[in-house]
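Chains: A, B, C and D, in written order; residue numbering restarts at 1 for each.
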Amino acid sequence: MSGSVPLAMDVAQINAFLEREFPQIGIGRDFIVEEVGPLSARLRLVYDVRHLRPGGTMSGPSMFALADVGIWVAILAQVGPLPLIVTTNLNINFLRLPEPTDLVAEMKVFKLGKRLAVGEALLYSAGGSREPVAHATGTYSIPPR
Amino acid sequence: MSGSVPLAMDVAQINAFLEREFPQIGIGRDFIVEEVGPLSARLRLVYDVRHLRPGGTMSGPSMFALADVGIWVAILAQVGPLPLIVTTNLNINFLRLPEPTDLVAEMKVFKLGKRLAVGEALLYSAGGSREPVAHATGTYSIPPR
Amino acid sequence: MSGSVPLAMDVAQINAFLEREFPQIGIGRDFIVEEVGPLSARLRLVYDVRHLRPGGTMSGPSMFALADVGIWVAILAQVGPLPLIVTTNLNINFLRLPEPTDLVAEMKVFKLGKRLAVGEALLYSAGGSREPVAHATGTYSIPPR
Amino acid sequence: MSGSVPLAMDVAQINAFLEREFPQIGIGRDFIVEEVGPLSARLRLVYDVRHLRPGGTMSGPSMFALADVGIWVAILAQVGPLPLIVTTNLNINFLRLPEPTDLVAEMKVFKLGKRLAVGEALLYSAGGSREPVAHATGTYSIPPR
């Protein structure tokens, strides 16, 4: 996308990998990988009534899933199609009630080590203000290669 | 259940409140409130293929949802049917891959303040070893009464 | 510093407030408030052998303290000299071993509510690479006004 | 005190290891290892005016340090004197303002993997009520052996 370090996978390669290996996640249906870049990614959670919670806002588990998938995709884009990367810790702060519309998550990767990767996700309501609705940090275990 | 401080709601009252006010959560279908007590609760997530992730283990968002609903129910049992308690922070550590079976969560409430309540959830595979598959702590904002 | 929303306190006012009300913190000695802005702040932890841990890197408690004081100062700059703002949650990821030199923390405030404020701190070794050594998010309880 | 799995180090061995390898921590002066057991430990932070924060309560960084050292000691007791175990994540909830007196921390280890260990610390004011003043969970990276 930019920068001098080549990405291990672009958006098309990530989509193909996820649809083939992880069909349960709903890439291309629930989640859209919009962009990947050096230590970054942007994903969209497509609005659906299944994602609503009481009061008509997007639910906590849906926001958790977007942040978790988002940071994981940002890591995959850097390291390539490793099948066994797993979340070991996720901390999420819910900041505002999100509108009943798509959610967009912008990810940064803080650390890409041999054994652990750490990143963050900032979640916004699509088309809304730039005030984030949630912030998450996640740690992922990378298998020996 | 025991102890000298009376609970604000027992299991039957919590189930009736949640089914009436929060039908989206799936209490009685996805989640079973098994027990509530002084500063404690136990919930079960009923196994369903919808809760699986790649590899056949229970998914991260399902474990997150169980911990989040579980701590919230433990707080409700103490304070009564307040409709506007919301999660402000949830931190979850994934410890082991859970079996493809029911998950049981045991909650404790550490603090029950006027404005904030804090609790934890320890998650186990039902019928399995006593080694926890995940641990979460959550903070909940309690509305002015 | 910029933007259309006036700050409640500038760097000089924050320094005066902290030195008068919280002399134990060591503002002006251990911690330097370098800049405050709209929903942001930058602080420095001055190197001292007291902040070292085994191996000669800056210690975890010192990094925790810098992140905690840093987010708190960023909030104070927005809301003014309220004496009773307290930390309710702090989550910190240690990313790399910091050099035995000053640490710089850059803070952003994600939410500034009536009862809770949430922000983040990214910590770097002064004069080093732009790779962060730690990232923290913190929640602060704001007293009724 | 112990079950069927032998501990790798008892209290005397841990104290000797920490005093020799990590004199900066202040084991035996600031921190007392009171007990270690299977997947557990109990430590004490000795009251000192250096640990106070404004208002006369024990400071956040001191509580962070007690939780961090406490979980680390609980892991050391299980795995033996490995020098390179480092904290990768620590999440702490501050629940009540602690009294200006010793703090006691009770630790449990949730997971003891080849690469990562995860545990919790519950902190109390010594001699006070059994209401915890803080709760922390921590993740530690274990070096290859």
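The definition used in the following text is that contacts are C-beta pairs under 8 Å (C-beta built on N, C-alpha and C of every residue); 3 or more make two chains touch, one makes a residue touch a chain.
Just so it is clear, the model here is predicted, and its values are computed rather than measured.
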Give the chain pair, either B-C or C-D, that is connected by more C-beta contacts. C-D
Chain centres computed over CA atoms; the one at greatest distance from chain B is chain C
Taking each chain's centre as the mean of its CA atoms, chain B sits from chain D at a distance in Å of 28
With centres defined as the mean C-alpha position, give me the chain B-chain C separation in Å. 34
What is the distance in Å between the mean C-alpha positions of chain C and chain D? 25
By the touch definition above, chain D meets two or more other chains at residues 88-89, 91, 93, 139
For a test of understanding, state which residues of chain B touch chain A in their complex under the given definition. 21-22, 24-25, 52-54, 59-62, 64-65, 68, 86-94, 97
Can you tell me which positions in chain A touch chain D when the two form their complex? 88-89, 91, 115-116, 139, 141
Complex contacts: residues of chain B adjacent to chain D: 91, 93, 95-96, 110-111, 118, 120, 131-132, 135, 137, 139
